[in-house]
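Below are structures written as structure tokens.
Note that chain A is present in both complexes that follow, paired respectively with chain B and with chain C.
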Partner chain A sequence: MWRDAALVAGRDLRLELRSRVGMNQVAPFAVLVLVLFAFALDTEGGVLQRTAPGLFWVAVLLSALLAIQRSAGLDAPDGVRDALRLSGLDPAGVFLGKVAAVAVQLAALEVLLGVGVVVLYDVELGGLWTLLATAVTATVGLAAAGTLYGVLAAGLRVRETLLPLLLLPVVAPVLIAATRASEAALEGVALDVAPADWLRLLVVFAVIYVAFGVAAYGPLLEEA
Partner chain B sequence: MSSRSTTSSALTLTLGLAALVALGTTVALGLSLPQTVEQAHYSKLIAIHPGLAWASYVSFGVTAVASALWLLPRTRSRTWDLIAGSAAELGVLFTALTLVTGSIWGRPTWGVWWVWDARLTLSALMLALYLGYLALRRVPGDPDVTARRSAVAALLAVLVVPVNHFAVEWWRTLHQGRSLAQMTPQDDLDGEFIGAMLVGFLAMTLVFCWLLVHRYRVARLEADVEDEALDVALAERRREAERV
Partner chain C sequence: MDPAVHLRGAVCLLGRFPALAGADLDVDPGEVVLLRGPNGAGKTTLLRALAGLLPVTRGEAVVLGHDLVRDRKAVRPHVGYLGHSPGLYDDLTVRDNLRFWARAGRHELGDALDRAGVDARLHGVQVARLSAGQRRRVALAALLVRRPRLWLLDEPHAALDAPGRDLVDGLVRDAAAGGATVLVASHELDRARSLADRAVVVAGGTVEPEAANVA
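Take a look at the complex of A and B:
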């Protein structure tokens, strides 16, 4: 299973590297979202600094939608999905591989957006370990949920419009928990719940979706 | 195709009458409730608002159970898929009504139509989740494929509800505690309020059952018509082939 996962992740990432869609389209889009937030909100008075964690994660979510559409779209043409099914690769491995590939892209996006937040919103980084733990757990959860819903909506003509509707309410807890944990990390804001609880919630979310995906990806791939 | 062209039967007639009587009692009890100091007339909404919320939980519960039964190979049947879809539609209706009645109550009592309180947020998220589920169901395609996708989506939705619950619970809490936890008389709620609320629970449950049977039968008729249309088309192609 792990070898299959590595194969699929390698294939997806190689395709991304060669097509450069992520670098040329998704990354600029993510930065553009940060700039748009600055237009929409007051740039004076520290509004951007205070809301930076939330804006960061909203930007991650919106760009993640694009990355997930793209990841699901890779398997759509030329009967790739049938080929995957016939290849003898473990479906759980295929799922984990796709999750890993999406997670790597999201991590790269998060680094870019992190730099963007520091440069454009004048945010001072702090609590780096909490930030890192938040980013890792949230990214795995987002990638797993996204890959699962991606195959759920695969092969449908309305995929582009359906996926956000399916995915965004589901990842709402990731947005809430990651934002609060990042806020706590950045400024040590007094919170009702310590960042550890938010991190635990992110871990639970990631575990649920990875486990469900490992179990359900095979049957879903067959039907797609 | 089913020989029946109506969705009513002795069962729905009984359920419908019982639901009507219970609803009538709820309205009568609710209107007869005394005004409270803080909430004036609006406290009367307790007769229907918790009942509507309860009915939405029942609906989504039925969707989840029916979806699980469809996914289990031993119990797989078109019936479970149609029941899951019908219950989800009712769940969306009841959730929407819960939000509307809650807003009507919140405006005079809290001073705003909407607050970012944990329960309101969770209800709104559930509404969005199940709207997505219904959208997924509506995508045309092979009934078996649609049923499988929908069943998985319904189970995922149920899985995420507790996570959403904790997220928004920790995020904001303003809504009063659970209605059923306040049932000791003379404590938080007076006896007549509890009575009206419980009749409301019963009434909404009956309304749900009644509508579910009707909606399921409509769904079954729709499915039959689709199947029949396919059979007719197949027969026509066959006749064409024989003529050649």
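Take a look at the complex of A and C:
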């Protein structure tokens, strides 16, 4: 399973490097979202600074949709899906590999958006360890849920429009928990009860979706 | 000797539509069989079912000793399927595509690209930049990498030039001589007839022997 996961992750990342979709489309889109938030909200009175964690995670979520659509689309063509089924790859390994590749792309996006929030919204970073723990757990959860719903929608003709409808409600807990934990970190609150609870929620979400994906990806790939 | 393919009353549903509606077919190891029939007759469904890609819901279906009704996945490692779509990643190079599929199935890449007639200058080129015929050759190379015991070819001559078509015929003959079983669905009847030991007619989801053997 791990060997197959590494093989698939390497393939997906190589495909991204070759196609440059992430660099040329998803990353500019993410930055554009941050800029539009800055245009839409009052820059006076510290509104952007106060809402920065929420805006950051909304931008991550919207950009993640593009990355997840792209990841699901790689294996969507009929011939590729058949070849994947015939390949002998462990479906659990395929799932974990795709999750890893999406997570790497999301992590790169989060670094870019983090820089964007500091520069555009004039936010001072604090509570770096809490921020890091939030980013890691939220990223794994988003990647796992996105990959799972990506294959669920893969066989449908309307997958491009259906995937956001399926995914956004499901990942709402990630948005809420990641925003609250980030707010606590930026306000300098120690990792005590409040942010720790939100982090626990993120961990539980990630564990549930990784475990469910490992078990369900094979049957879903067959049905796609 | 057990047949490589044994179907009795095999039913395969696409939604509620019986794309295979009680198909009967026996194919011996090393035999080359032409599937002919009009569009929508069930040729592609038959090939995909034999590859374990579609479920056979009723009847008997045994391929290379594997019961497809009970476990259709077990036969997959032994099957090479060349469908209408090439099964390649457009943004990867020819070499990277082949390497990926070889590693996925724990196979050696070997000389598959050369045997499929893929020009060495194309090995480092993205598949998206290849012509349809060149993609077909790369897809053939991916099939060769698997060293399948059962070849399932859906319109294998499509998009290929004359040398490419001859190359496909040569590969099929070599495979059959090596003991592999080959089923070819084709509308190029003259060419496919010269390749096949016999032909069967697929119509309305059933399989009937052709009036006379074609060998």
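A few points about this structure:
Criterion: the second predicted complex is superposed on the first by the 217 of 224 C-alpha atoms of A that agree within 3 Å, B and C clash if a C-alpha of one lies under 4 Å from a C-alpha of the other, contacts with A are read in each partner's own complex, and residues count from 1 in each chain.
One rule holds for everything that comes next: a residue touches a chain if its C-beta (ideal position, glycine included) is under 8 Å from a C-beta of that chain, and two chains touch if they have at least 3 such contacts.
The structure presented is a predicted model; accordingly, all values stated were derived computationally and were not measured.
Contact with chain C, but none with chain B, is seen for A:L74 once the two complexes are overlaid on the shared chain.
In the superposition on chain A, A:L13 contacts neither chain B nor chain C. Once the two complexes are laid over each other on the shared chain, residue contacts for A:A83 go to chain C alone; chain B is not touched.
Contacts of A:L62 after superposition on the shared chain: neither chain B nor chain C is touched. Of the two partner chains placed around the shared chain by superposition, chain B is the only one that A:P173 touches, whereas chain C remains out of contact.
Annotation for chain A, partner touching more residues between chain B and chain C: B. By the touch criterion defined above, A:P219 lies against chain B but remains apart from chain C after alignment on the C-alpha atoms of chain A. Common to the chain B-facing and chain C-facing surfaces of chain A is no residue whatsoever.
Remark: chain A residues 148-149, 152-153, 156-158, 162, 165-166, 168-170, 172-173, 176-177, 180, 192-193, 197-198, 201, 204-205, 208, 212, 216, 219-220, 223 touch chain B in the complex.
Of all the residues in chain C, the ones that touch chain A in their complex are 48, 51-53, 76-77, 79, 81, 83-89, 91-92, 96, 100-101, 103-106, 126, 139, 142, 146. Interface of chain A with chain C (complex): residues 4, 7, 11, 14-15, 18-19, 74, 77-80, 82-83, 85-89.
Of all residues in chain B, those touching chain A in their complex are 125-126, 128-129, 131-133, 135-136, 139, 141, 144-145, 148-149, 152-153, 155-157, 159-160, 163-164, 166-168, 170-171.
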